[in-house]
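One chain, subunit A, appears in both complexes that follow, with subunit B as partner in the first and subunit C in the second.
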Partner chain A sequence: MSKIFAVAGVVIRELYRRKDFYVLFILTVLITLLMASVHFFHDDRIVRFVKEMCLILIWLSALVIAVTTAARQIPMERENRTIFPLLAKPIARWQVLLGKYLGCWLASGAALVVFYVFFAAVSASREHSLPLASYFQALWLHWQMLGIVIALTILGSVALSPAANVTIVFIISLGILFMGKYLNMVAQRMTGPSGTLLSALYFAIPHLEFFDVRILIIHGWTTPIPWADVLLATIYGFAYSAFFLAAACLVFRRKALN
Partner chain B sequence: MNAVLRIENLRVEYRSRELKQQTKVAVNGLTLSVQTGEVFGFLGPNGAGKTTTMNVLLGYVNATSGAAFLFDVNTREPIARQRIGYLPELTYYYKFLTVEELLRFYARIFEIPKSETETRIDQLLKLVELEHARKRPIRTYSKGMQQRAGLAQALINNPDLLLLDEPTSGLDPLGRMKVREIIQRLKNEGKTVFFSSHELGEVETICDRVAILHQGELKVEGRVSDLVKEHQCNLEQIFLKVVGYQSQLS
Partner chain C sequence: MRRARLALLLLLVICFTLAVCLQPRLAARDAAGQDSENTLALLLGDGRQMMADRLLGKADAYFHSGKYPSIFEQNAAPEENHMAAAASGHEDHDEDHDEHEALPPAHDWIEAFGRHFIPTKHVHLEGGNEREMLPWLRLSIELDPKEIQTYLTTAYFLGDRLGKWDEAEQLLREGLKANPNSPNLLNALAHAEFESRHDLARARNIWSIALHRWHDVEEPKPEKTETGEGQRNMFLLEEILGGLVKVELAAGHLDKALEYMKILKANAAHPEGVQRQIDALQAKINAGAGQTK
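Up next is the complex of A and B:
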C-alpha cells in the first residue's frame, strides 16, 4: 500500500504545483460573485439561480480537473520517460496505475472541498441557513462520481492518446449525465434487437446521474438523503471504478515499454 | 562467486504492427552472467541489442524465449529489482519535484524506513555534490546536475547491483570524471556494476570484464586484460574488428 500512496503523493504534488485548479477556481468564484451581485427585477428567488449556476460551474470545473489530470498521467510518464526509472524499482504496473488513480481521486476530492466550501459560503450569505448534512452528501456523491470518471479515464489513458481519451471521456460522461436516465424509457418504446441493445446499454453503463443531487440543494431540501442510499451509491461507484481499473491493469500489464 | 545477473539463451523479437513486415530479432540466444563485485562493460554499436537486453533486465519488455535473472529472481517479477539501482542514459525525472522529494519518493517505493531515508538522502546528496541545490526543482538543474541527481536516485536503496546505461554520455570531462570516481568507489565497496557505454577507453579503465554484442548476438566476452593480450590490440580495435569495421582511409 505504501508504494501506491507514494505514487499518489507525486500526482497530488503535481496538481497543486500546476495552475489548472487555481485558474478554474478563480473563474468559478468570479462568475458566481458577479452573478450574485446582480439583482434581477429585485427577485429574491434569484438566489436559486445563483446556486444553480455556481453548482454547474463546480461540476464542469471538477470534471475538467479530474479528466485532464487523469488522462495525462500515464501518457506523460511515457512521453517524459519518467516511467522507466520508476518501473526499474520494485513496483508492479498495477501499483503504478492504482497510485495514479488514488492520486487523481484524492486531488479531485481536495479541489471539491474548496469548491463546496465556497458554494456553502455563497449560499449561507444569501439564504442565512447552512444544511451541512445535505452539502456533505452532495460533495461525497460528486466525489464518488468523479472516482468512476477518473477510473474510466485511466483505462483510456493506457490505450489512447491524451486528446482522444479526454474527448471520449467527456462525451461519455456528459452523455450519461444528460441522457443516461432516459435510455430505458427510449428502449421500452423500441421493439426488436435495437430495443434490447439499448436496454442492455442502460444496465451496463455507470449511471453518473445517480450521484447528481444538485436539484435537492438548489431548492433547499433540508432533509438529507437516507444514509443507506448514500452508502449504496458509494458501493455502486466503487464497483464501477474497480471494474475500469481492473481492465486498465490488464491492458497495461501486457504493454511493452520501449 | 555468485552470479548476481544471469541471462540464459535470451531471445527478443519485435513484431511489427504493419502487415508484411518481418519480425525483428533484437537479441538472439544471449547467454551471460555477471559475478558479485565485478564491473562489467556491455558494449556494442547502436542497434546491437544492448538497450533491449537492459529493457528485459528492467522488466520493460518480456523475453520471447529464454530468461533473465537478477539475484536468481526472474526479471518478470518486480521484486527482482529490490536490490538494484538503475541510471538511465538521459535524465528522466519528475521535473516539478526537488531532488530531496524525488529521493524520498523512490525511498518509499523501496519501503525504506523514514529515519533511514533522511540519513541516506543526506549522504547521497553529499556524495553527488548536490547539497546546495536540494530544495530546488530539478527543472532548474544543469545537465550534469541532473545526471548526478540520477546517480543519487540509483543509489537510494544502497543497491548490490547497479545498471548504468551510458552513464557519462553527454557530460563534460569534469562530470565524466566524477561519475567514474563514484563507480570506482562503488567497486571498492564490493558493489557489482553492469554498464553499457560507447566510451571504450573508459570501459577499458574501469571494467573487469566486457561483452561485445553485434546484431543481437554475443560476439566476445571475457576479461579486458585477457582480450587485450589475446588480440594484441586495445579494446577499441577489438571492438572495431568484432563489428567488422574497415577504415575507408587506408
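Up next is the complex of A and C:
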C-alpha cells in the first residue's frame, strides 16, 4: 500500500507544480465575478444565475483537470523513459496504475475543495445562507464522478494515444452527462436490434448524472439528499472505477513499454 | 526602390479610399441601432430563435425551481409553458398540481434511483424569487427581439409580481420599438401605466391605440383555424376593452364605461357575465340620475 501512496504523492506534487489548476481557477473566479457584476433590470439580488454559471465553470474545470492529468501519466512516463527505472524497483505494474489513479483522484479532490469553497463564498455573499450539508454532498458526489472518469482515462491511456484518449473521454463523459439517462427512453421508441443495443448500452454505461446535483443547490433545495442514497451512489461509483481500473491493469500487464 | 515606394503609396491611397467609402455606411448602420442585431443574425442565423426558445424554457425551468421536463420527456407528454400561462392570466394549471406531483412510474431502477438526485416536487417561484428568471428572459429577448410573448411574460413578472413598473414600462417600450404595431404590447403598456402611475389619461390613450391596432392586425385574421394558430385573438380584444372600462370607471365616466361594456359583451366569450356587470352599472347610473333629480 505504501508503494501505491508513494506513486500517488508524486502525482499530487505534479498537479500543484503545474499551472493548469491555477489558470482554470483564476478563470472561474474572474468569469463568475464578471457574471455577478451584471445587473438584470437593476436587480442586484439575483443569485441562481450566478450560481449556475459558477457551477458550470467548476464542472468544466474539474473535468479538464481530471482528464488531462490522468491522460498524461502513463504516456509521459513512457515518453521520458522514466517508466523503466520505476518498474525496476520492487513495484508491480498494477500498483503503478493504482498509484497513478489514486494520485489523480486525490489531486482532483483537492482542486474541487478549493473550487467549492469559492462557490460557497459567492453563494453565501448573495444568499446570506450556507447549506453546508448540501454543498458537501455536491462536492462528494462530484468527486466520485471524477473517480469514474479518471479510471476510464487511465484505461484509455494504456490503450490509446494521449490525444485520442482525451477526446474520447471528453465525448463519452459529456455524452453520458447530457444524454445518458434518456437512452432507454429513446430505445423504447426504436424497433429491432438497434433498440435492444441502445437499451443494453443504457444499462452498461456508468450513469454520471447520479453525481450531478447542481440543480438542487442552484435552486436552493436545501434539504440534503438522504445519506443512504449518497452512500449507494458512492458504492456505484467505486464499482465502475474498480471495473475500469481492473481492465486497465489487464491491458497494462501485457503492454510492451518500449 | 522607387517602384516599391510608389506601390506602397498606391496601396495607402486604396486603403484611404475604401475607408472613406465604407465609413458612412457603417455609421448609418450603427445609427439605425441594428448593429448588434445584425451581428447576432450573422453569427447565429435562424438558430437565434431556437436559442431564444431554449432560454425561455430555461426561465420556465427556473420558475419551477429546476423541475422541468427534458426535450425527450416533453415529446412524451407535452406540457404548457406555465410561466407564459401565468403571465397571460391562464393560471388554471394550478389545479393540475396534484397531477404533476405524482411522477409517472419509473421504467427501470436507474431512472428510479436517479430521481433521488433531482427535484421531484412541483413548485412555482413566489415571494419575490421570480427575479431569478430575469437573466434568462433578458437573454431570450436579446436573441429574438421579435418574440412578443417574451416581452409580455417578462413585463408581467417585472410589474405585477416584482413591482418593478419602471423597468416593465421601459422593456415594453423597447418591445414596441422592435414590434411597432403590436396591440399586445400596447395593451401591456397601458396596463402598466394604469396600475403603476394611475395615469388615467395616458392609459386611456394607449388602450385606444391598442384597440385601433387590434382592428388593423387581428381583424383580417380568420376567426378560427384548425390548430388555433394564426386565428383572431379575441381574448386580447376582451382585455383591451376591459382596460378601457376600468379607466372610464376610475375616471367616473360611467356612460363611456357602459358603452365599452356593450362592445365587450358583443365580443366576449361569456356575454352573460358582462351582461350582469352592465345591469349593475346601469342601476348605478339610474340611481345617480335619481339622486340628481
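Everything that follows uses one rule, which is that the second predicted complex is superposed on the first by the 255 of 258 C-alpha atoms of A that agree within 3 Å, B and C clash if a C-alpha of one lies under 4 Å from a C-alpha of the other, contacts with A are read in each partner's own complex, and residues count from 1 in each chain.
Here is the rule we go by: contacts are C-beta pairs under 8 Å (C-beta built on N, C-alpha and C of every residue); 3 or more make two chains touch, one makes a residue touch a chain.
Just so it is clear, the structure is predicted and the values come from calculations on it, not from any experiment.
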| item | value |
| --- | --- |
| Three-chain arrangement built on subunit A, subunit B and subunit C clash or fit | fit |
| Which superposed partner A:Thr196 touches (first subunit B, second subunit C, both, neither) | neither |
| Partner chain(s) touched by A:Asp229 [first = subunit B, second = subunit C, both, neither] | second |
| Which superposed partner A:Leu87 touches (first subunit B, second subunit C, both, neither) | first |
| Which of subunit B and subunit C A:Val186 touches, first, second, both or neither | second |
| First (subunit B), second (subunit C), both or neither touched by A:Ser125 | neither |
| When both partners are placed on the shared chain, which of subunit B and subunit C touches more of subunit A | C |
| First, second, both or neither for A:Ser161, with subunit B first and subunit C second | neither |
| Touched partner set for A:Ile46, first subunit B, second subunit C, both or neither | second |
| Shortest span in Å between Cα atoms of subunit B and of subunit C, once chain A is used as the common reference | 41 |
| Subunit A residues within the subunit B interface of the complex | 2-3, 5-6, 9-10, 13-14, 17-18, 80-82, 84-92, 256-258 |
| Residues of subunit B touching subunit A in the complex | 51-52, 55, 58-62, 78-82, 84, 86, 88, 90, 92-97, 101, 105-106, 108-111, 150, 153, 157, 163 |
| Complex contact set, residues of subunit A against subunit C | 38, 40-43, 45-49, 141, 181-182, 184-186, 188, 202-203, 207, 209-213, 215-216, 218-221, 225-226, 229, 232-233 |
| Residue numbers on subunit C that touch subunit A, as the complex places them | 62, 65-66, 70, 72-73, 76, 107-108, 110-111, 113-114, 116-119, 131-132, 134-136, 138, 158, 162, 164, 167, 171 |
